Amino acid sequence: MALILDLLVQGAQMAVVLLLAPLLTGFVRKIKARLQRRRGASVLQPYRDLARLLRKEAVVAENASWLFRAAPYLMVAATWVAAALVPTFATGLIFSWSADLIAIIALLGSARFFLALAGMDVGTSFGGIGASREMMIASLAEPAMLLIVFTLALTAGSTQLATIAELFTRPEVGLRVSLGLALVALVMVAIAENGRIPIDNPATHLELTMVHEAMVLEYSGRHLAMIELAASLKLLLYVSLIGALFVPWGLALPGTGGGAYAVGLATYLAKLAVGGFLLAVFETSIAKMRVFRVPEFLGAALMLGLLGTLLLFVSRSL
Amino acid sequence: MNGLGFDAVAAVLLIPLASAALLVLLPGYRLTARLNVLASLLTLLAALSLLVVERPAAGPYLLVDDLNIVFIVLNTFVGFTTSAFSASYIGHELETGRLTPTYLRFYHAMYQVMMFGMNLALVANNIGLMWVAVELATLTTVLMVGIYRTHEALEAAWKYFILGSVGIALALFGTILVYMAARPVVGEGMDAMVWTVLLERAAGFDPALVNVAFVFLLLGYGTKVGLAPLHAWLPDAHAEGPTPISAVLSGLLLNVALYAVLRFKLLLAANPGGIATGPLMVTMGLASVLLAAVMLYRRRDIKRLFAYSSIEHMGIIVFAFGMGGPLANFAGLLHMVMHSLTKSAIFFAVGHVAQVKGTQRMSEIGGLTETHPWLGWSLVLGVVAIAGLPPMGIFMSEFLLVSSTFAREPVLTVILVAGLLLAFGALLMRLNGLAFGEPKGATAPVHASYVPMFAHLALVLAAGLFLPGPVVAWFQNVAALLG
Amino acid sequence: MGDLTFDVAHMLAGGLVLLSFVMLYQDRLYALLNVYALHAVVLAASVAWQAFAQDAPHLYVTAAIALAFKAVVIPTSLHRIIRRLGIHREIETVGGVGPTMLAGMGLVALSLAVMLRITPEAEPLAREDLAFALSVVLLGLLMMVTRRNAVSQVVGFMSLENGLVLAAAGARGMPLVVEISVAFSILIAFIVIGIFLFRIRERFDTVDLHALDRFRGERR
Amino acid sequence: MTVVVSLACVAVLLATAVVGVAAGRHSAGRPLVYGLGLVATVVAFGSAVAALVASPATAPELVLPIGLPWLGAHFRIDALSAFFLAVVNLGAAFACLYGLGYGRHEEAPHRVLPFLPAFLAGMNLVVMAADAFGFLLSWEFMSLASWALVLAHHRDPENAHAGYVYLVMASFGTLALLLTLGLLAGPDGGYAFSAMRQVGLGGGREAGMATLVLVLALIGAGSKAGLVPLHVWLPLAHPAAPSHVSALMSGVMTKVAIYGFVRIVFDLLGPSPWWSGMVVLAIGGASAVLGVLYALMQTDLKRLLAYSTIENVGIVFVALGLALAFRSNGMELAAALAFTAALLHVLNHSLFKSLLFFGAGAVLSATHERNVERLGGLIHRMPATSALFLVGCVAISALPPLNGFVSEWLAFQAVLQSPELPQWGLRIMVPAVGGMLALAAALAGACFVRAFGIAFLGRPRSAAAETAHEVDRLSIAAMAGLGLLCLLAGILPGTLIDTLAPVAELVVGGRMPAQQAVDWLTIVPIAESRSSYNGLLVFLFIAASASLAVLAIHRLASRALRRAPAWDCGFPVPTPNTQYTAGSFAQPIRRVFASMAFRARERVEMPPPGDPRPARLTVEMHDPVWDWLYAPVASAVGWIADRMNRLQFLTIRRYLGMVFLSLVGLLMVIALWP
């Protein structure tokens, strides 16, 4: 019985992330449009786009290989699995122990790996640009992310998201410098990973500046839909990761009744809304930076992560 | 009964002498070459018989004991293989007209005289006699180095002669001093020059006199060992003489001189007031190793290259004996045997290479493993062995030497290791050019006598993997003897 | 007899050292050869005196050998060689005569310092003789080092061997081995040198070693 | 028992070498040699695995009457040896299988066939030897055989140079090890490992000596494993050899070097000071990052792989350093975790590095091209090879669910144990090194995206790449086998960890919790609440959701597919030159890292307007290690050699002068002697 319930919760989690992802994207777009005093498309526009793309035929370049066609599905799968393991409205999911935070990051890494390869598959200059820039960004973002993980894990004594989240709900953790640093670093990494302004602009096709769009330039139809879906899943993942780690309140603990789950869902939606809003505000209030200033941005994140880890010992010794 | 043993000793001495007299008279190189091989073989058999028969009691002139029998057997064996090699080598020289039949007659006779001298030096129980013998061997080799009568050959022989005879003089002075030291204790007359007597009475000698004597003997015989800075004659003598002589020089003469030095080291060790001979020998050994290692880098002449490597290895051996102790002495003995075998094998190969390519300049030799696989690979094998790589015997001796001395004298050992590495780098650089890469020079087929070469290499290989028990025991008590 | 024996022996040995200095000082080949002959004569005398002092008759033989070969045969033949090669010009010493003499002094001092460490119970005669012999040896070597000319180098070598003979003679009761070996070595040395000088002349028109040095093994 | 079997296999291998000498030029030589080698190595692998699983408490010691006379040759297979024996023979077996097919393209078989079995025998012997002499003998024999293999194509001057540098560095390392073992054995020669171990356990070694041993062992084993700064020979020598030999050298021989280090420092030396871990950590981290940076800058496929070997060796040494640090503080559990991570990475790297080198070899034999700038589009012409190469790339980039990730994950878990360490230095240093590890992993990802993307994807950049075709079945079989093993090791790590437990117990005196206990094949380093990973589930999830997505799409959405020219933002150019090159791909990373690491400088020559000449971009990079360490030494030796060489050209008089001076000097010594 309990097992079935757990499975249900897990299934619900997977469904939730899948369903909410485009909504978050649409929400952010809407807010941005509003902030720029535009009316903007409906919040549901991303769903419509996906549906349209799915209906269209896929146009594939002549010399594209099987990798080109397989990559979107692999990306979606990896990102989805990763997103399914992040506590959104409830912790202690039945499969949460199958991969800890490090593994989740690595899963996103494999998604990126295949995306970059797909970008290079057709053999156009833009694909190459995108892939090379993406890997450069990743080569700085991933270590930064891992140092953040170190900070959290050394604080909580675990890399298990559920454990960390549960621990951080307790009061005795309190405020810590290193956690603050970790939060800032995590936000920076999240922005970079999702290719948001100021790192990349998901809305532009200006070749000098684009990274993500350059890689997926050759995609169309259902493949493009998959990629879009994966992108919004990733965004959702990061927002809910930040939510689960730094504002873990309201998460339904395992074994608590349906009411708790309802509360968890509600708080989760609220977190998403706030996160999306803040993201939109940030994006509208800042300008896109040149690609070769990106390393400095991420280097800062890296330093913050390291600093957080080292300060941890100080605060521990206190 | 030891009459038989004495006969064996006599044979070791008389066979070369008689055959030398015979070879002077006989014309025609084929016959003389064959006789030469035969005589050397007989000498070898006589020497081997020394192993089995009961040894003669030490007389006033002759002595066979554990120490020198190692040298005698080695000496006669390499002498035999070299004579076999020279038979084919000299034939080629005659065809190319570098040697004339008249000189050839003289060559074979001299070869036997030289063998006689060296054997005499080894079995002598008398410091005077030993001195005479060493000088005899030296002077004959001087003549043979100059045999080609080219400018370079004469110049090398002249250099060898001058330095050698200065060495002669110093050694003689040392010998006299030893007698002077012994006389008050032992009493006048022949006894004061007999090894066995000297050794047991050495404790009473006048230390100051013995010390001065050892200095002169170390320099005198050290000149023949080729220790730096007395080495100058060695590279040119090796490079300009006929290759069999180079092989004999590296393989035997250096050992004989070393043997003399060891004897006197024993004498000094037996004297309480004597200076510590270890530091002197270690210093000269290290100096030789480093100098040779550095000199190897700029060599152009293939035979001179390996001559310098001989200096290096003599340095290693002297270092080992200077360090002393059972393991180091064992390593020194083993290294000496392995070096004579390997180095003469290398010279056999080099001789044929030089004949095929018609030059000794390494810049004009290349890709041997392509053009002459047998020669090339045996050269590779030889250099691998001489560079102290397994599974050859020199690896074992270097292993023992370095590993046993490092804990005692870290600094010295590190210097030695640095020298080894330097020399290795130089040798390997040359080997790369000689054996590999695009073939250079003449590619005519070679009619070489591979048997001696392979015999030596096989022995070295076997020794690297498995030393038979008796040999080990024998080496061990010689090592103990050396203290 | 002690004193007189001692003094004469001492005087002769000292004379040898003195003559070695004179040889160092000489810079003409002929003069050099003459001094060398004198050197040999004095040697012969001192050996003979030793023979008398130790009443060891076999030493007379040595003395005779020394007289015959070193004082007569060698100088004359070297004269001939010099004449044949026409090199009776001055020999340039390496460092000037002055420094060479100073070095010689130093060497004598060194040999005394070394030899006088010997405990006196080895009777003084031998001790002093050894000291002188050693200095003669060292001076001969010095001469070989400081002369550029083959003949003078040979002469230096010979004087060195004179020192050896002196030492050998001083060694009381040293068996015949030594004299034979000495004579033998001188003989061989002389013959081979003769051969070589001959060959060298055959090849080059001088025995100045610079000519030889052209033929270094590895010319660039 | 195992010892006997393994020695028998070694004997067979040596015999095979003789066969190789005999049948080197004969057409039957290849199948004969590789076949025999395959059989022998498979048998040896089996016996090694059996020994590892059984792992008797006391491994018997076999003494043969060869080697050092009074000592004999000792052979012993304990758990550690058994594990490395398994690694060696696994790689060797696949190399032989690959060679059966690949050897067909070998133009100088008589220079490969004799030495390959000897090389394998040497590696086996190193792992089995239980006395200093046997160990060093087989160690150097291994170097020698591989040197001959590096010189297989000796006519290429580059290879000759590579062989030279390789052997000199190898014997440098051997001399260092010789000193190490001499130190451990002591002046009176206790050369048997058992004797050294006794001294170590007895605590008979003072700190200074332990330091010396550690440093020398690090130099000796590190120079063979390719640790920075002793790595210079590796990227020269590994690519020079035939590809299956490169695979052996990179995938297996470096592991033998690691074995040497573990054997000496963990086993023979006994307890080591706490900071010894720091040294190893620092060097390991540096090698990891620098190695992969070097790799990112390469355009030669095999050289790239060789450099990435340096990175992976660095990762292993980081884990070993952690194990040392934990062990010296008596934290057996954490030490076991770190050590297991090291062992797993050893195994994993041997798997995927061999796979990648085989792939490179396949490309080489299909296109005769090692320069990725002249490859491209091979995924269409060599589908199997490219798919398998892709597997290797994913594995080496430490991406789940393949095996590379597992070992790195364990290493990270070990890093997270650092707070329990008492020493501040370690506490601060370990997370920093962990960051370097993460950096290395991310850069590796970039490196292999570049390698695969440029070589196999896109459009062909040369005629050779255009006309390439798939390689023979045996080669593919070898690669497929390795790929499968990579996957299995990735999704079933628990069983591996349990198999390695005895090794950890032997070496660091502790073991990770048994993993069969955990349900669903999850691995749990410490406790489930702290961290856990389940490769199998992750793999299944990805497969399930991917197929779910495909299914849904194909049911709901349109299946229509149209082939069209690439759009390329509206202005496609037909020539393949417009593609991104390897150099341009690496440019951003080069600007970020290499400018400091390699003093990389870019220079653009822009012709004036109207000048038809093309603009040129030239990049120059310096290897700091070479510039600051090796070049000075080499020039110093040359300088001294030139100066000393005058001694060869002195006049006889001067030589006499030397004799004279040494005589006077010695006499003075006598005169001044007390």
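We call the chains A, B, C and D, going by the order they appear; numbering starts again at 1 in every chain.
The rule is short, and it goes like this: a contact is a pair of C-beta atoms (placed from the backbone, for glycine too) under 8 Å apart; a residue touches a chain by one contact, two chains touch by 3 or more.
This is a predicted model, so every value here is computed, not measured.
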Relative to subunit D, largest Cα-centroid distance belongs to chain C
The chain pair joined by the most C-beta contacts is A-D
With chain centres taken as the means of their Cα atoms, state the distance from subunit A to subunit D in Å. 35
Just give me the whole-number Å value for how far the CA centre of subunit C lies from that of subunit D. 69
Subunit B-subunit D separation of Cα centroids, rounded to whole Å: 44
Expressed in whole Å, how far the mean CA point of subunit A lies from that of subunit B is 79
Where in subunit C do residues touch at least two different other chains? 114, 117, 141, 144, 153, 212-213, 216-218
In subunit B, which residues are in touch with two or more of the other chains? 158-159, 162, 166, 208, 212, 235
Chain pairs that touch, as defined at the top of this document: A-D, B-C, B-D, C-D
Subunit A contact footprint on subunit D (complex, rising order): 376-377, 379-380, 390, 394, 397-400, 405, 409, 412-413, 415-416, 418-419, 424, 427-428, 431-432, 434-435, 438-439, 441-443, 445-446, 449-450, 452-454, 457-459, 520, 522, 528-534, 537-538, 541-546, 549-550, 553, 556-558, 560-569, 572, 576, 578-580, 584-589, 591-592
For subunit B, which residues are in contact with subunit C within the complex? 126, 128-129, 131-132, 135, 139, 142-143, 146, 149, 151-152, 154-159, 161-162, 165-166, 168-169, 172-173, 176-177, 179-180, 183-184, 188-190, 192-193, 206, 208-209, 212, 235-236, 239-240, 299-301, 304
Residue ranges of subunit C touching subunit B (in the complex, touch as defined): 114-115, 117-119, 121-122, 126, 130, 133-134, 137, 141, 144, 153, 157, 160-161, 163-164, 167-168, 171-175, 177-178, 181-182, 184-185, 188-189, 192-193, 196, 199-200, 203, 212-218
Subunit D contact footprint on subunit B (complex, rising order): 158-159, 162-163, 166-167, 170, 208, 211-212, 215-216, 218-219, 223, 229-230, 232-233, 235, 275, 280, 291, 294-295, 297-298, 325, 327, 367, 369-370, 384, 387, 389-391, 395-396, 399-400, 402-408, 413-414, 417, 420-422, 424-425, 428-429, 432, 436-438, 464-467, 469, 472, 476
Taking the touch rule as given, give the residues of subunit D at its contact with subunit B in the complex, in rising order. 65-70, 132-133, 136-138, 140-141, 144, 151, 154-155, 157, 160, 163-164, 167-168, 171-172, 175, 178-179, 181-183, 185-189, 191, 637-638, 640-642, 644-645, 647-648, 650, 652, 655-656, 658-659, 661-663, 666-667, 669-670, 673
